[in-house]
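These notes open a run of structures that come right after.
Consider the two complexes below, in which subunit A is the common component and subunit B and subunit C are the respective partners.
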Partner chain A sequence: MVSKTEEEQVNRLESQVENGGGGAWEYLCLVRKLKLRRSDKVLKFGLSILNDPKKRSALGPEEWTLYEEVAVAAMDCQCLDVAKEFTKVLQKKFPGSKRVGRLEAMLLEAKGSWAEAEKAYMSLLEDNPLDQIVHKRRAAMAKAQGNIPLAIESLNKYLEIFMADQDAWRELAEIYVSLQMYKQAAFCYEELILSQPTIPLFHLSYADVLYTLGGLENLQTAKKYYASTIDLTGGKNTRALFGICLCTAAIGQLTKGRNKEDKENSQLQSLSAVALEKDYKQRNQSKHSLLTATLKSLKLS
Partner chain B sequence: MGGETKYEIHQNAYIKLVLHALKHKTSAVNGVLLGRLSGDDTVEIVDSVPLFHSQIGLLPPLEIALIMIEEYYNDKGLSIVGYFHANERFDDFELSNVAKNIGDHISKYSPGAALLLLDNKKLEALPKGKDGNPVMQLYTKDTSRSWKLVGSDRLTVKEPSANVILLDFISSKKWKDITDFDDHLDDISKDWLNSDLFN
Partner chain C sequence: MAEDLVLDTAIRDWVLIPLSVVMVLIGVLRYFVSKLMRSSSQLPDPKIVKEGQVIIRARNLRAAANFIPAKSFRARKVYYSNEENGLLFVPKGQAQNAQAQMFSDPNMAMDMMKKNLSMIIPQTLTFAWVNFFFSGFVAAKIPFPLTQRFRSMLQNGIDLSTVDVSYVSSRSWYFLNLFGLRGLFSLILGEENATDDTQRMMQMSGFGMDPSKSLSAEKDGLDIVQHEWALPKFEQRAEAVLRKLVS
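After this line comes the complex of A and B, so read on.
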C-alpha cells in the first residue's frame, strides 16, 4: 500500500529509466521497499544491470538480492528460462539455503506444477513452521488454481497465527468482496481499523462494504466512516465525499416521512457536495456539469 | 425483445474493453456498454466505458459511475445496453455472481441487455490466427431469467479489421493510455471517456 507521493516518485523514476536517464538500481530498490508489483519493468531494468558485468560487480553483495528480485519478476512475466537461470546462480552461491529453496518452490508454482510446489512448500514448513512467506504462497496457489474456499481457509488459518499481517487481511477482504460475502469482508476491515486506526483506506473500504450491505444501521455507520475518511484525508478523498452523498440519499429514502436528523444529514451532504463541486471546477472543468447533475439526482432520489 | 437479438459492437468500444483488461492483468475488470436499438433485432454497441479494476463487488463507486455515464450518454441518444466483465484468472470461464448481479441491474432498465465475458483463450490465440470475431463470450437473459451463453454468431464487430487494429495496439502497449472510472475517482482530472485515446 503506497501513498500518492510514493507512487508519483516511483512513476517518475520509471519513466526516467525508460527514457535512458539512469536510476535503474534506485528504481529496483524502491519497488522492493514498497512491495510493488511491476514485474515487466523490474525484469527489464534488472536484466540490464545483471547482464552487464561492470554494472553487476558495482553492486557488491547486493548483486544476490537483485538476482532474487529479478527471478521473481521473471516468474511473474512467465520468462521461466531467466527465472531458472538466476535461481541456479543463487543455488551455486548459497547451497542449502532455505531462501533459495523458497525460490525453487516458486518456480514450480510458476510452471503450474502445483503438486510438486505444494510438496516443496510443505517440506520448507517442516523446517520452519513459522515461515510467513511460504504460508502465503500456499494460499496464493489455492487462489491461482481457482480453489477459492481453500484460499479463504488458508488465509484464515494464517491470520489466526499472524494476526498483525495487514496484507493478508486486505487480501482476504478482497476475496470476500469478490464473492459478495460482505459481512465477512466487513470483519476484515474492522480488524484493520482496530490495528491501524489512522489509515484512511481502511475506513473508506469499510464504509463501502457497509453501504453495499445496506439497511439503515449500516448506512448510518457507513456515513460515519466516510466522514472519518474525509477527516483523515483533509477532505481530499473524492470517493469519501461521494460516499456521504450516497449515504444521505439512501438514508433519506429509508426514513421518508420520519423527521429526525434532517438538519444534520443535509448539512454534511451539502458540505460534501460543495467540496466536490469546487474540486471538479478546479481540476476537471469538462466534467463539472456531469457532477452537478449527479449530485442533483442524488438529492432527489 | 424477439428471440434472436444480434449484437454489433463498434471497433472503438471493443478495443477499449480489451485494452482495459490487458492493462490490469492481475485483477478482474469490468465496463459498461453504451448503444441503441437498430432495426427490429439488433443492438448496436456504439461505445464503452471501462469501470473498475479493484473491489468490483462494491456498490458506491458503481452507483456514481452509472449515474454519471447515463447522464453523459443520454444527451447523445445512447443508453446503457450491457456489461463487460473480465475474470481475474486466465482459465476462469465462469460468470461470477457479481457480474450476473450487475447484469441483472442493467437488464431492469434495458431489456435485452448483453453481458460480455472476455475470452482469454481467444485473446491469447489472436496473433496466431486470422479470426475476425470478437474475443468475448456473449450471454443474454432468456425467458428463464438466467444468463445463458449464446452462440458466438450473434456477436460481431462492426469493422472487420478490428482484431488487426487490436493486435497493433497490443504490441505498441497502447493499454497504458486507458483510463477507467477507478482512475478517475483516484484523480478526477483523469478522463474516463478516453476521448484522446484513438487520436
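After this line comes the complex of A and C, so read on.
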C-alpha cells in the first residue's frame, strides 16, 4: 500500500503538472513505481510527452517504458485506438517480445474479445508458466465476464503458488464478501493482517466481516478489531467508532440474561459515542440530530 | 620498530594508480561481457518459487501471530507443520535431492559455471599479473598498526622480517581494491552489476540446500511460537486514545 508521504507527493506533482508546471515525467515515473491507477492523468500527460518529438527523444531508452505505461492507461480509459497504435510501435521495436505479447493480449481483453484474449494468455503462459501478471489478468477477465466461480478458482490456483501476493488476497476477500462467503473472506483478511499488521484498513474489513458473521464470539472479536483500528488511526476512523457502538449493542442483546459482563469496557462504547458526536458536530451539523437519535436507540436496546 | 621508511612517489604513480585503474577497467569489461553472455532470462522453477513464497508467508505468520485469533493461528500452524501434507514439511529423502538435481540439470549447471567463470578468471589473471610485476617491494604503508600475524598475508614479496607490518606489498593493495571497488561500481554501473563478487560468493555457499533447509528452519521457528493474542490490549489502548481525543 502507498504511504501517506508518497501519496501526498503524487498528488502534489499531479496538481503541478495540471497547472502547467513541468514534472510530467517524474509524475509518470512515480505512478509507475507505486503502481497507482490514475489512468486518465497518465494518459493525458503521457500523450503530451509522446506526441512531442523533442520531448520524446529526450527520454532516450525510457521512451518504450512510457509507451507501455500509456498503452495500458489508454486501455483503461477505453481509448483503444491510442492503445493499438502504441502497441504497434512497441511491436515494431521489439518483435517477438513477451511483454509486447502481453500488451496485445490485454488489448484483446479491453476490446471484449474474451475467447481470443484467453487463447493469447494461455499461449503466453505456456512460454512462462510463472508470469504473475498474466495469471492475474486471466482472473480479472473471468470476473469481468461475470464468471465469478471461475475467477475464484483462478485466484485460488494463483495463490497456491504465489501465496505472498497481497493484492490477490485482497481481491479474493472482496469477491468472497460479494458472494457472502464470509468465513472464507475472514480467512483472506487474516492473511492480510498477518502480512501487514499495521494497516488499519485490514483490521476494519476483518471486523466488518466478523460482525456480519454474527455470534457472540465473533462479535467480541469484531469489537476488539474495531478497537485496534481506532488505535491505529488515532480515533479518526468514523466507521470503527460506529462499529464499536453497534458491536456493544449487539453483544448486549445477545447476553441479555447474563449480568457478569457489566464491567466489560462500557467505557469504550460511551467514549466512542462521545467521539462520534464530536466528529459529527464538527463536520456535519445537519446529521448530528440523526446521530444522537441513533445512539440513544442503541443504548436502550 | 618505528623507523619511517620513505617511499618513493614513483611507487604511487606507477603501482597504486595503474593497479586501481586496471581493476576498474576489468570490472567494467566484465559487466558488459556478462550482459552479453546472459542466456535469455532463465525460467525459474515453479517449485522453488512456491517454496520461496511459502517461506515468506510462514515468516509473516510467525511475526504477526499475535494479531489473529488463537483459533486461526492454530489452524494455520497445523496447515504448515502437518506431518502428511504440511507446506513446510520436507521428508528427509527429498532434502538431498535438491542439490543433486541442481548439478545434474544441465541448464542450471551451465549458468552457474558461466557466472563462476566470469568471476574467477579475471580475478586469477589479475592476481597473477600483480604477483609477477609488482612483487618484491614495499608498495604502501597502512596508517594503523597491525600485529605480526598479518605479515605473511600482506608482505609476500618482502623477505625482511624486520620491516614493520604496516608496510605492505602490492598484493594487499590488490585485495583492498577488490573489495573496495564495489561501491564505485555501483555508482558508475548502476545497481545490480555482475562485479558484485562478495555478494556472489556469499550466495554460492548457501545456494544448493537453501530451499529445504530454510523450510525446516521455518517449521522449527513456527513450532516454537507461543500465541499471545494482542487484541485485548488494543481495546484498552483504544480507550486511552479516545479519551485523549474526546477530552
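Following the convention adopted for this analysis, the second predicted complex is superposed on the first by the 272 of 301 C-alpha atoms of A that agree within 3 Å, B and C clash if a C-alpha of one lies under 4 Å from a C-alpha of the other, contacts with A are read in each partner's own complex, and residues count from 1 in each chain.
Definition applied: a contact is a pair of C-beta atoms (placed from the backbone, for glycine too) under 8 Å apart; a residue touches a chain by one contact, two chains touch by 3 or more.
All of these numbers come straight from a predicted model, not from anything done at the bench.
**Q** Can A:Leu268 be said to touch subunit B (first), subunit C (second), both, or neither?
**A** A:Leu268 sits against subunit C, while subunit B stays out of touch.
**Q** Classify the contacts of A:Gly243 with the two partner chains as first (subunit B alone), second (subunit C alone), both, or neither.
**A** A:Gly243 sits against subunit B, while subunit C stays out of touch.
**Q** Tell me the contact category for A:Leu179 with respect to subunit B and subunit C: first, second, both or neither.
**A** So A:Leu179 only meets subunit B here.
**Q** Once chain A of both complexes is superposed, is A:Pro129 in touch with subunit B (first), subunit C (second), both, or neither?
**A** Second partner only, subunit C.
**Q** Check the residue A:Arg37 against both partner chains and state whether it touches subunit B (first), subunit C (second), both, or neither.
**A** A:Arg37 contacts subunit B only, not subunit C.
**Q** Please indicate which partner A:Glu18 is in contact with in the superposed arrangement: first for subunit B, second for subunit C, both, or neither.
**A** neither
**Q** Looking at A:Asp231, would you say it contacts subunit B, subunit C, both, or neither? Reply first, second, both or neither.
**A** So A:Asp231 only meets subunit C here.
**Q** Kindly list the residues of subunit A that each of subunit B and subunit C touches, one partner per complex.
**A** none
**Q** Per the contact definition, I'd like the list of subunit A residues that touch subunit B in the complex.
**A** These residues of subunit A touch subunit B: 37, 144, 146, 174, 177-180, 182, 205, 207-209, 211-212, 238-239, 242-243, 246, 279-280, 283-284, 286-287, 290-291, 293-294, 297-298.
**Q** Spell out the residues on subunit A that touch subunit C in their complex, using ranges where they run on.
**A** 128-130, 160-165, 187, 190-191, 193-195, 197, 221, 223-228, 230-231, 234-235, 244, 265, 267-268, 271-272, 274-275, 278
**Q** Help me check something: in the complex, which residues belonging to subunit C touch subunit A?
**A** Contacts found on subunit C: 43-44, 46, 49-50, 53-54, 56-57, 60-61, 63-65, 67-69, 72, 231-232, 234-235, 237-239, 241-246.
**Q** Write out the stretch or stretches of subunit B touching subunit A in their complex.
**A** Those in contact with subunit A are residues 26, 28, 54-61, 63-64, 67-68, 71-72, 88-89, 91-92, 96-98, 101, 185-186, 188-189, 191.
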